[in-house]
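The first chain written gets the first letter, and so on, giving A, B, C and D; residue counts start at 1 in each chain.
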Amino acid sequence: MPALPLPAETPLAWYLVLSAVLFALGVAGFLFRRNIITVFISIELMLNAVNLSFVSFSYKLKQSDGHIFSFFVMVVAAAEAAVGLAIILTVFKNRQTLEIDEVSSLKN
Amino acid sequence: MNTILFLILAVVAVGCGINVILQTHPISSALSLVGVMGALAVLYLQLGGEFIAAAQLIVYAGAVMVLFVFVIMLLNAGKEQKSRARIWVRWAGPPLLLLFVGAVAYVLEAALPPSPPVRFGGFDGGTVKAIGERLFTEYLLPFEVTSLLILIAIAGAIVLARKEID
Amino acid sequence: MQLWLIPVFPLAGFALNGLFGRRLSKAAVHAIAVGSVLLSFLWAVKTLSGLGIFSGGLLEPYREHYYAWIQSGSFNISVDFAVDRLTAVWLGVVTGVGLLIHIYSVGYMAHEGGYYRFFSYLNLFMFFMLVLVLGANFLLMFVGWEGVGLCSYLLIGFYFLEKYATDAGNKAFIVNRIGDFGFALAIFLIGAHFGTLDFARVFESVKAMPVETQAGWITAAGLLLFVGATGKSAQIPLYVWLPDAMAGPTPVSALIHAATMVTAGVYMVARSAQIYLHSAVALDVVAVVGIATAFFSATIGLAQNDIKKVFAYSTVSQLGYMFVGLGVGAFSAGVFHVMTHAFFKALLFLGAGSVIHALSGEQDLQKMGGLARKVPITCVTLFCAGVAIAGIPPFSGFYSKDAILAAAYGRAPWIYWVGVVTAAMTAFYVFRALFLCFFGEYRGKTAEASPGHGGGHSHGHGGIHESPAVMWIPLTILAALSLVGGFIDVPSFLAPVFGEPHEGEPWLMYVSVAAGLGGILLAAWFYLVSPSLADAFVRVFRGPYRWVYHKYFVDEFYDATVVSPVIDGSRQVLWRVGDVRIVDGAVNGVGAVARAAGSLLRLAQSGYIRNYAAWVVAGSIMAIVFMEWRGGLR
Amino acid sequence: MNFFVLTLIKVAVIAFVLLTTLAYLQWIERKVIAHVQLRVGPRRVGPHGLLQPLADVVKLITKEGLLPSHVSVVFYLLAPFIAVMFALISIAVIPFGPVIDVAGVRTEMGLTDLGIGVLFILAISGLGVYGVALAGWSSNNKYSLLGGLRSSAQMLSYELPMALAITAPLLLMNTLSFRELVAKQSFYYFGFLPNWAIFHCPFPQIVAFLVFLVASFAETNRVPFDLPEAEGELVAGFHTEYSSMKFASFFMAEYANMVTVSCVATLLFLGGWTPPFPAEYGSKFIPSIVHAAAALLCFYHAANPARPFDRITLPVVGVVSLGIAGVFLIPAVQPILLPLFWFGAKTGAILFLFIWVRATLPRFRYDQLMRFAWLFLFPLGMLNLLATSLAVALTAK
């Protein structure tokens, strides 16, 4: 391998910054997208970002708790996806739309 | 080597992440998210998380996202029409977002004590064995509770979905 | 030794019958019930013999620790069971007599509805009673105490379709609440003072204290405990519930309201002997209340016509005797009387039950008579009980009553004399009841069911008949016990606990025996030789008779002074003002405030999810910035 | 850099072998089905149509690759690529034989041996669905869409019983690496009965094996679970709109998946490359005997041929197989060849089962498919898993 101008060992902070960026992207998606499914996907993106930081921290602390937490996050995300998608199905069947702003009858 | 891999994966992840929010069609977003997940899985491997990487692929990419794709295909969700300008979001959103990223990055910078750099194999607590042992000893109760949660979720999903079948 | 098994057997029986009894056959039900009690009886015997009860052992209390119940700082209460000789007596009485009564009930309740209900309650009662006597601290005792109260309530109201039964149940429950309130206060007082409720520790530290000559807090504790005792053991002023409690099935009256539960107060006072020994005032109060109760209820007993009411009042008065025994410091004598009384009073009730059974539910003495030939076994056994309770030597009642009276004379002669008179009256009314029931000619009509007995008896067996073996065998056993039970020398058995009993002069004994015989002869004269004499007597002493017949109008007095004020007060004040104005007002006020706040906050709720999300993001940013600003990050 | 070179070599070899296998697997399938249905199958190109696969390849490559106008191009082009990629990746973690020495280089047969090989296989097979689903969705055609929907639902549903069936033997073997799995199955009860997972004490995994087989039929969209491409109802299902190489890659993906699951089944349940009875009972002569028998058969048929052409071809085949039989007798190569033979034999048997079933069974109805997965296979796998774990727990020291 030719020698690279890069550190042979990656700083942990890079991983965390990556996860932060991904999280921010998820937030952005949540805020700017109007398709319910896309919003939902953005939520999943955020969850993934959080998982990354969990795992990186558990690397730092040399404990596997982070892995276990992110495992739980995944499982809960799976459950959430099942229910959420079912809800989306119902909403679509009742209102024939996936526009998140159409579904605003919860106010007042 | 490690760093190169990280950079590649980071680029892939961020690219796919941006794609998630830029694509107008949900299915494109979903697949971009799958891309993110794949990249993350490899990153987990780098961080010594064998089990979590596999779980990431099996649970997330293999099950959850397939469910998403399935639903998108089922509803035959079309492209998202251009947002009619909700003005304050238009103007407040991006700077708010940048502020947010900045804040998070800053907090990381500030909060994180100097930590050892990542080497592949630098941490072996993430093997299936290790995770399994802890999961079934000290994390047993949460584990069981999670299974209960999933049961409830299944029931809920079935109820919701059934309601609009008949 | 696995003490916990003793109460657990009946509990299991209760669980089985209570849960599945409806689907089980009657045979299965009473097999479970009786079997569980039999098991706990055998286990109790095994345990006690294992502790050397029959070989002069068990001089020191034996205790078992199960688990820590309440732990807060230095104050911790653990679930412990303890056995000493005092407990041993109760264990024997409760499980033994309880077993006999269970067996008896198989026959007595055979034609009743709610068979499994009855037996599951009975088992539950056994459980709580055993917890009461086995518990090694006041709180555990209180648990049993309340438990038996509950079961008594349930069983008094067993015929819950009859209003008088449910009323009687409520009465018993409420009156007992008053007593229990005293008991609870006593527990708080003791706990606050000693920082523990454990019998051993409390009494140790009491022993270390000087005897209180004037009112002090030990006296207070003693008196409060005694309030509880008056409630549970039907002493003045709280005795009123016991006669009404006869609304329950007769075996219940025998087990709960004669043999075991009502003696819980005696047990409690005897258990707390140390406290009373350190407070002359409390001790005297116990003695005076006891003798007063004994005398008054005996007088009431003279004029009752319901056979169970007669025995109920006699129970009250005998309980009075026991408290006299305790109050004059002859604790062992009191406990002795508990045991013998358990025998002959249970026998009296079971016999009465057998008579009632024979008459298909008739309880009125005026409608009986001449049953001696019809129900010979019952008759014989009942007369055994009679001579026992009348204190005729060498039968059991004689020994215990004599011990009490002797001790009483040693303490205060007037108590002795009142006691003698009471003994005479006791003998009189018991034999009055027996003569009215068994001799003379039959005054009743042919059998028909009366509501008093659940109406369950309007079934096939025609006419008046002796009870089945399952009923009269327990009777005979109890008869034997009440004849020879006096030879069990309880006082010296309890010597390790209460110290040696003191002997009285012999003439005391002669006097009391004479009184008893006198009573019997008077009864015989009135109701056998010249029956008209009784009515003439009544006519002459009309005024006093009315008072006595109507139980001194105590119930009416309580109604006027206590019950109706409470009802009116709660209706007028608590409901109109307290509930409507204050409570509802507060609730509605909160609601109004919430509504107002909500109508303001609603403005922020656009219904657009993404707005909410934006709020969340902004909030989190602010939180982070704030944390950093406070320097909370390092 | 030895590692890289070695890996490259192995990749080349495996890729070549695998692709040839895939091509000829299809020839074998056509032949077998033909004979099951009393036809003769392809025999124009080359003797007995042995060159048919090459012809097919040429045809598929040279055909015009249509790009329908109404498709969403990106995914339309991406789908077959995804499908074939995930189908081929999983081969990487499958070992074909023990660790061997070739010319002083010590290496394992098979690309690599992950510590979590089984999980890897599960993950990849889970991802495989995207190819089909995307193809169905992107080609913007109601039949294809239905095919895609069906396949995604079907694969999701059959992932579970498959995972349960895989988990049970893992409980017994207590490892996730294929190599160790085989090592744990390489003993013999009473000296002759192999302790393969399907015979493994304390709880033989026959049920798990069957569940796994059925689930893998569904996972690979094979008959009787080939609803995504049900010709009768959906024209060709998800690949209706595909042609030439794009179609070929779907085809390849399907067969590659078949090979993969067969290998996994062999490794998990049939003891990998361990012979069914120990060498001292002469298991090392079996290959030679088989080939010799084949040779004799060929010579017999050559003696009185059914078709004139056979007079030339059959003896050639016979000689070749005799040669192979001879090769198997050389002690030097036995440690390399015998495991390969046994592994190939077992995998081949399962592949033959695939083909056989396709020739025999009719197709499920969709609701039957789902009901079968959720109301029969899933509970069955769960029960088996419970029983296994119970047995393991009871027999654990």
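The rule is short, and it goes like this: a contact is a pair of C-beta atoms (placed from the backbone, for glycine too) under 8 Å apart; a residue touches a chain by one contact, two chains touch by 3 or more.
In this text the structure is predicted, and so the values were computed from the model without any measurement.
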Set of chains adjacent to subunit A and to subunit D: B
Best-connected chain pair, where connection means C-beta pairs in contact: A-B
Chain centre separation in whole Å, for subunit C relative to subunit B (CA means): 68
Distance from the mean Cα position of subunit D to that of subunit C, given in whole angstrom: 82
Geometric centre distance via CA averages, subunit B-subunit A, whole Å: 4
Multi-chain contact residues (two or more partners), subunit A: 27, 31-32, 34
Per-residue overlap in subunit B, given as positions that touch at least 2 other chains: 51, 63, 67, 72, 74, 89, 93, 97, 100, 104
Per-residue multi-chain contacts in subunit C, two or more chains: 610, 614, 617
Chains grouped in pairs wherever the two touch, ordered by label: A-B, A-C, B-C, B-D
Interface residues, subunit B side, partner subunit A - complex: 1-4, 6-7, 10, 13-14, 17-18, 20-21, 26, 29-30, 33, 36-37, 40, 43-44, 46-49, 51-52, 55-56, 59-60, 63-65, 67-68, 71-72, 74-75, 77, 80, 83, 89, 93, 97, 100-101, 104-105, 108-109, 112, 115-119, 122-123, 125-126, 130-131, 134-135, 139, 142, 146, 149-150, 152-154, 156-158, 160-161, 163-164
Of subunit C, residues touching subunit B in the complex: 610, 614, 617-618, 620-621, 624-625, 627-628, 633-634
Residue ranges of subunit A touching subunit B (in the complex, touch as defined): 1, 4, 6-18, 20-29, 31-35, 37-38, 40-42, 44-45, 48, 51-52, 55-56, 58-60, 62-65, 67-68, 70-72, 74-83, 85-90, 92-94, 98
Complex contact set, residues of subunit B against subunit D: 25, 27-28, 31, 34, 50-51, 54, 57-58, 61-63, 66-67, 69-70, 72-74, 76, 127-128
Residue ranges of subunit A touching subunit C (in the complex, touch as defined): 27, 30-32, 34, 39, 100-101, 103-108
